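Read through the structures below before going on.
Here come two complexes built around chain A, the first alongside chain B, the second alongside chain C.
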Partner chain A sequence: MAARKNFMGYVFTAPAIILMLVILLAPVFIAATLSFTDYSLGNSSFNWVGLENYLKMFSRSTYVKMITASVTYVFIVVPGSIVLGLGAALLIHSLRRFGDIYKTIYFLPVMASLLAMAIVWEFTLHPTIGIINKTLASGCGNFPEIFFSLGWLPFVDGSSSWYSTCCREGFPLWFGDKAYTMATICFIGIWQSFGFNMVLYLAGLTSIPRELYQAAEMDGAVKGWDRFKLVTWPMLGPTTVFVVTISTIRSFQVFDTVEAITRGGPVKSTYVMMYAIYEKAIKHNMVGMGSAIVVVFLAFVLLLTFTQRYLVERRVHYS
Partner chain B sequence: MIGHATSFSEYMKHIVLIFGSLIVILPFYVMVSYSLKSPHEIATNSGGFIGAQQPMVDEYCVKLGNPPEECMQKPLVYNYTQAFKKAPLLRYLVNGLVVTASIFFIQALIAVPCAYALAKLRFWGRDFVFSMVMFCLLIPVHTIALPIYIMLAKVSLTNTYAALIIPWTISVLGIFLMRQFFMTVPDDLIDAARMDGMNEFSIIWRVMLPTAIPALLAFAIISVVAHWNDYFWPRVVITGDRSLYTPPLGLREFKGDADGSIWGPMMATATVIVTPLIAAFLLAQKRFVEGITMTGMK
Partner chain C sequence: MADIRLRSIEKMYGETAALCGIDLDIRDGEFLTLVGPSGCGKSTLLRIIAGLEEQTRGEVEIDGKSVNKIRASKRDLAMVFQSYALYPHLTVWQNMITPLRLRDLSSLERMPFIGRFVPGQRDKVKSLHTLAGETAHTLKLEQLLHRKPGQLSGGQRQRVALGRAMVRKPRAFLMDEPLSNLDAALRVHMRAELAELHRNLKTTFIYVTHDQAEALTMSDRIAIMIDGEIIQLGTPDEIYKNPRDRRVAEFVGSPKINILSGDVDESGNVSIMGNHTGIRIRKRIKKVHLGIRPEHFRLVNGNGATDSWPFHVTYKENLGSDFYLHGHLNGSKNRIITRAAPDEVGRITIGETVKVRARQGKPMVFCDNDCRIDVMQEAGYGSA
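Our next item is the complex of A and B:
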C-alpha cells in the first residue's frame, strides 16, 4: 500500500515537473546562453560575443534610455498606486455606509482589458476631440481659469500659471509632448492598478483586531493619525511588503499602454523594457541583445522577490 | 467606543471618494457613450451620453452603389454592426473563449493532481518538487516570453492556437494555491475513502475536488482574467494570421487605421471586449475580490 502511494506521487507530479522544466526553467538557461551571442532567428549559426550585449546595455544611449524609462515608470507608479490604494482602503474601511459601492467602482479597472482601456484613454486625452482638453479649454476665461491660476489671491499674477499659459498656447499633447508623455502613461498605470492594492489593504485592515485600537487609545493615542502610526501601519506591514513587490514586478512589465499609444516615444521617453524586448528581439530579430535584456529583467525580479521574502520572514512575528 | 465620526467628516470622505470614482469611471463613460454616438457628435463632443440617435448615412453602403436613402442607420446600430462587420470580432471573441477555457482546463488538469500529491502523499523527493514550485513562482512568464517564443519558432508552432496556450499550461501559482487548500482537508477523509477501496484517481476526482470548489473557482478567476485580457503574448506569437487573433489583438488592429469615422465602431469593439469580465465581476463581486486577493496570501 505504501509503495503504491509512493508511486502515485510520481505519476501525479510528473506532468507538472516536466512542464516546469520545459516552459519555465529551460527558457531561463536559453536566455542566459543566447545573451552571450549574436543569434538571430533563421540564421544557422551564431557567434559568441562575450559580454558585448551587456556592455551595450549600459553604454548605448538607447538602452540607457530604456532603463531610465522603466525605472522612472516604476518609481512613479508603485508609490502612486500604493498611496492611493491605501488611502482609498482607509477611507472606505472607516465609512459607516456605502463603502462597498466605492470598492466595486475602484476595482473595475483591474478587471478591464488594459489594452482596451489604453485606447480609450488615448481617445479621452486626444488633443482635438478628446473630452479632457475640450473641457479644460471651455474653462478658459471663465471661473475655472481664474480659480486654478490662483488669480483671485492677492498679489498673484495668474497669467503665468499653467492653466493660463495653456489657454493661450493650447492644452498639452498628452502623448506627443515629451514633457507629459511619461507622466500620462504612469497616470494610466496608477488608474489601472490602485484598486488591486486597495482590495489587498482592505483585507489587511479587516484582520486587525479591534482590541489593539482600544489598547492604543488607553495609551493616549486618541487622534486618528496617532492610531494609524501606532497600530494600523505596523499591522499592515506584511500587506505592504507584498503590495510593494507585486506592484513593482507588474510595473516593470508594463507593455500594453506603451505599445498601443506611444511605441516607446517621443524620443524614447517611454521606451520601457518589455517594449524594448518586443521591438529589438521579436520585431528586429536581435535575439542576442533581447536575451541580455531578459536576463537583466529577470535579475531585477528575482532580487525584488528575495528581498520581499526576507522582509516577510523577519516580520512573521507580527501576525 | 472609537471612531465616532462626525457626520461632517463622513461627508468629506464621501466627497473625496466620489471625486475618485468620477476619475475611475471617466474612460468607461467615454467608451460606452462614444460607442453610441455618430462621428459628428464625437468630433464636436455634443449629444450628451447617448447622442441624439439621428439616422446617419453609411458611407461604405453608398460606395457599394446603394441609394443614400437605403443606407440610413442610427449611430448606435451603425457602430455595433461595423464593429462586427469591419473586423471578424465574433471570431476574435470565440478565439478568446477557446484560448482562455483551454488554458484553465489544462492548468487545472495538471495542477490539481500535483497539488494533491504535494499535500497528501508521501514520496521521496516531495520536498524537492515543492521547492521547485516555490522557485518557479518567482519567474513571471512574460519576462521569459522571448526564449519561449524562440523554442516555439524552432518547432514551427508560432501562429497556432497551441502557441497561445502552451506557455500557460503550467500554473505554479495554481499548484501552490491548491496545495495550500488541500493541506486543510483532514487526512481521515482520505483514509476513509481508501478503506472504501477508492483508488487515488477517484480520491482526487470524488473526494478532493468537490471540497476544493472555492479554491478552484479562485484559481479559475485569476486565470481567466489574466488570459482574456492578456495582450503581450498573443502580440508576440500571432504575427500574420488574423483568424487567430484574440479580442485585444483584434481591437489593436482596428486602431491601426483610425480616422474620424472609425472611432465609434472602435469604442463599440472595446465595449464588447471589456463587458464580459466586468459583468461577471459585478454579478459575483465577492468571489472575484476573494479570488484576486488570494494571490496575496502566504
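Our next item is the complex of A and C:
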C-alpha cells in the first residue's frame, strides 16, 4: 500500500520532474559531454579529446586571462555595487520626503537596456568627442587642475599628479588603454547594478522592527555608527547574503558591455567568461571548448550557491 | 532612584489628540501602573517619559529637573518592550552586556582587538562582566547565557529583556505590557516575580498594562487612563472599592461590575425595576445607574419580601472555588452576574428564579455622564 502511494506521488510530480530534466539538466549534461570533444556545429561527427579542453583552459594564457578578467570584474563590481546600494538605501530610508524620486532615479539604470546604455557610455567616454574628457581637458590650467592635483597640500608635488600628467600627455583612452578598460567596464557595471541592490536593501531596512532601534537608544547607542553596528547591519544579514549571491552571479554573467564596447580587448584585459563562451562557441565555432568554459562557469555559480545555502545562511537567520 | 513628574503632557498625532493634559507625580521607588483599555495612550505616555517620543506640550521632570531637551539614551531609564526587542544575533550574555559596554566604554575601547590596548580597558571590562554576572544570577539566567534569543521560550526571553534593563541599574524601569506575550500560568507567576524584583531593587517602576488584574496585584498605585486622560489615581484598594467614575468601576474587576438603571423618587430613594434598594441620594435627578460587583450580591432563602429582587438564572459558571450565576433581574434585559459559594448553588437549576439582594453599603451610584454620586443614607435593612 505504501509503495503504491509512493508510486502515485511520482506520477503526480512527473510533469515537473520531466520538465526540469528536459529544460535544465539535459542541456547541462549535453554541455558537459561536449566539453570532452572537439565538436563543431555542422560537423557530422566528433572526436573524444578527453580533458584536453580543460587542460588548455588552465595552461593557455588566453584562458588564464579570461579567469583573471572575470574574477577581477566580480571582485570590483560586487563590493562596489553593494556598498553604494547600501549607502543609497540608508540615505533614502532616512528621508521623509522625495524618497520615491531618488528610488526611481537610482533604479533607472537597472531597468534600462544595458546594451543601449553601453553605447551611451561609449560616446560619453570617447577620447576626443566624449563629454568626460572634454570636461577634464577644459579644467587644465584652471582651478580644477590646481585643486585636484593636490599641489596646494604641503609635501605634494602637484605636477606629478594624475590630473597634471594627463593635461600634459592627454586624457586616457578609457576603452583603449589596458590600464583603464577593466576599471571603466567595472564602473559601468556598478552604475548599472547598484540600484538593484539598493531596492533589496530598502526592503530589508523596512522590515527591521522599530523597537530594536528604540531598545538600542535606551541602551545608550547614541551614535549612528553604534546603531548601525548593533541593529542595522546584523538585521540586514539575510539581505546581504542574498545581495552578494545575486550580484556575484550577475557579475560573472557580464556580457553586454564587453560585447558592445571592448570585444574582450585590449589585450584580452576584459575577456570575461561569458564573452569567451560566445567567442569560442559561436564566433569560432569551437563548441567543445565553449562547453568546457560553460562547465567551469557553472561550477563557479554552483559553488557560490552552495556556500550561500549551507555556510552563510545558517549564521544570519537568527531564529 | 528617581521621582518623575509629568506636567500637563499633551500629545497630538496630526489632528487627533492621543494624550490630553496628563499630570502625574511618580514617587521615588514606587510601583506605578498605567492601566486602561487598548488605544487609550498608555504606550504613548510611557514613550514620552522614556524620551522615545516627543510631547506636543507639557513637561517631564526627573528628580526635579526638566528632561524635555535630553535624549532617551541620556535619561538613564531602562525600558522593557512588549516584543522584548532583544538583539537576535547576540547571545543572551552579549545582549545583557551591551548596555554596559555602550555606557562605560568609549568607542575606541569597544573596538575589537585594538580596544584591548587602551589603558584601563581590561579592568573596566572585568567590572562590566561582574555586573552582568550578578544580574544573570539574580534572574537565574546562568544556564542560558550562550543561547541566542531565537532558542529561548517566551518566559526566558522576558527574563533576558528584564536582565538587559537591570544591568545598568537605571533610575527607573519603564515596562510596556511586558507580560502580554506569555501564557496565562506564566503571566501569573511572573507577576509575583516582578513584584518581588521591585521590592528588592527599590527602584521606581512604571508599568503599562491593559490587564486590570496585573495592575491590582502588583502596584503601589494605579493610574486609570481612558481616552488620553487619567481619570483616577490611587492605591489598588481605593480604585477597586471606591471608583470615582463609572468607567473606572467598569474597567476594574473581573467579572465586570453589574450596572443597573435605577429610578429616583422625589425624596431621593433609588429603586430598580420597581424594587426598593434602600439607597437614598441627595442629588435631585430622576435617573441613576447602580453599580454592584458580582461578589456583593447575596442569595436570599425563602421569600424575603421587599428587600430582595427576583433573579432569573440563565447560566451557571463553575470556577471550582466559586460559582458565577448569570441571569437577569425580572423584567430587565440587562445581563448580570452574581457570585455565590458552591454549596449555595447546588440546588439552583438553570431557568429557576431565585432571590438576591445587594450587600448593604456596597452598591455605587453613578449619574448619566459617569460621575459618581455619593449615597446619603441607607435604610437599615439587610444586614449582610
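Just so it is clear, the second predicted complex is superposed on the first by the 291 of 319 C-alpha atoms of A that agree within 3 Å, B and C clash if a C-alpha of one lies under 4 Å from a C-alpha of the other, contacts with A are read in each partner's own complex, and residues count from 1 in each chain.
FYI, a contact is a pair of C-beta atoms (placed from the backbone, for glycine too) under 8 Å apart; a residue touches a chain by one contact, two chains touch by 3 or more.
Everything numeric in this text was worked out from a predicted model, so none of it was measured.
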**Prompt:** In the superposed arrangement, which partner chain does A:Val83 touch: chain B (first), chain C (second), both, or neither?
**Reply:** neither
**Message:** If we overlay the two complexes on their shared chain A, which of chain B and chain C does A:Gln214 touch? Say first, second, both or neither.
**Reply:** both
**Asked** Taking the superposition as given, does A:Ser94 touch the first partner, chain B, the second, chain C, both, or neither?
**Response** first
**Request:** Based on the superposed arrangement, let me know which partner A:Asp256 touches: chain B (first), chain C (second), both, or neither?
**Result:** first
**Prompt:** Which of the two, chain B or chain C, is in touch with more residues of chain A?
**Reply:** B
**Message:** Let me test your reading of the model: by the given contact rule, A:Gly237 touches which partner, first (chain B), second (chain C), both or neither?
**Reply:** second
**Asked** Just chain B (first), just chain C (second), both, or neither: which does A:Lys223 touch?
**Response** second
**Request:** Using the superposition on chain A described above, determine whether A:Ala179 touches chain B (first), chain C (second), both, or neither.
**Result:** neither
**Complete:** Both chain B and chain C touch chain A at residues 214, 217
**Asked** For chain A, which residues are in contact with chain B within the complex?
**Response** 2, 5-13, 15-17, 19-20, 23-28, 30-31, 34, 41, 84, 88, 91-92, 94-96, 98, 100, 102-117, 119-121, 123-124, 129, 131, 134, 191, 195-196, 199-200, 203, 213-214, 217, 227, 238-239, 242-243, 246, 249, 253, 255-256, 259-260, 274, 277-278, 281-282, 287, 290-291, 294, 297-298, 301-302, 305, 312
**Message:** Per the contact definition, I'd like the list of chain B residues that touch chain A in the complex.
**Reply:** 2-3, 5, 10, 13-14, 16-17, 20-21, 23-28, 30-31, 34, 42-43, 45, 110-111, 113-114, 116-118, 121-124, 126, 129, 132-133, 136, 138-151, 153, 166-167, 169-170, 172, 175, 200, 204, 225, 228-229, 231-232, 235-236, 247-248, 251-252, 255, 260, 263, 266-267, 270, 273-274, 277-278, 281-282, 285, 288-289, 292-293, 295-296, 298
**Prompt:** Which positions of chain A touch chain C when the two form their complex?
**Reply:** 209, 211-212, 214-215, 217-223, 225-226, 230-231, 234-235, 237, 316, 318-319
**Request:** Spell out the residues on chain C that touch chain A in their complex, using ranges where they run on.
**Result:** 47, 50, 52, 71-74, 77-79, 81, 83, 85-90, 98-99, 102-103, 107, 148-150, 164, 168
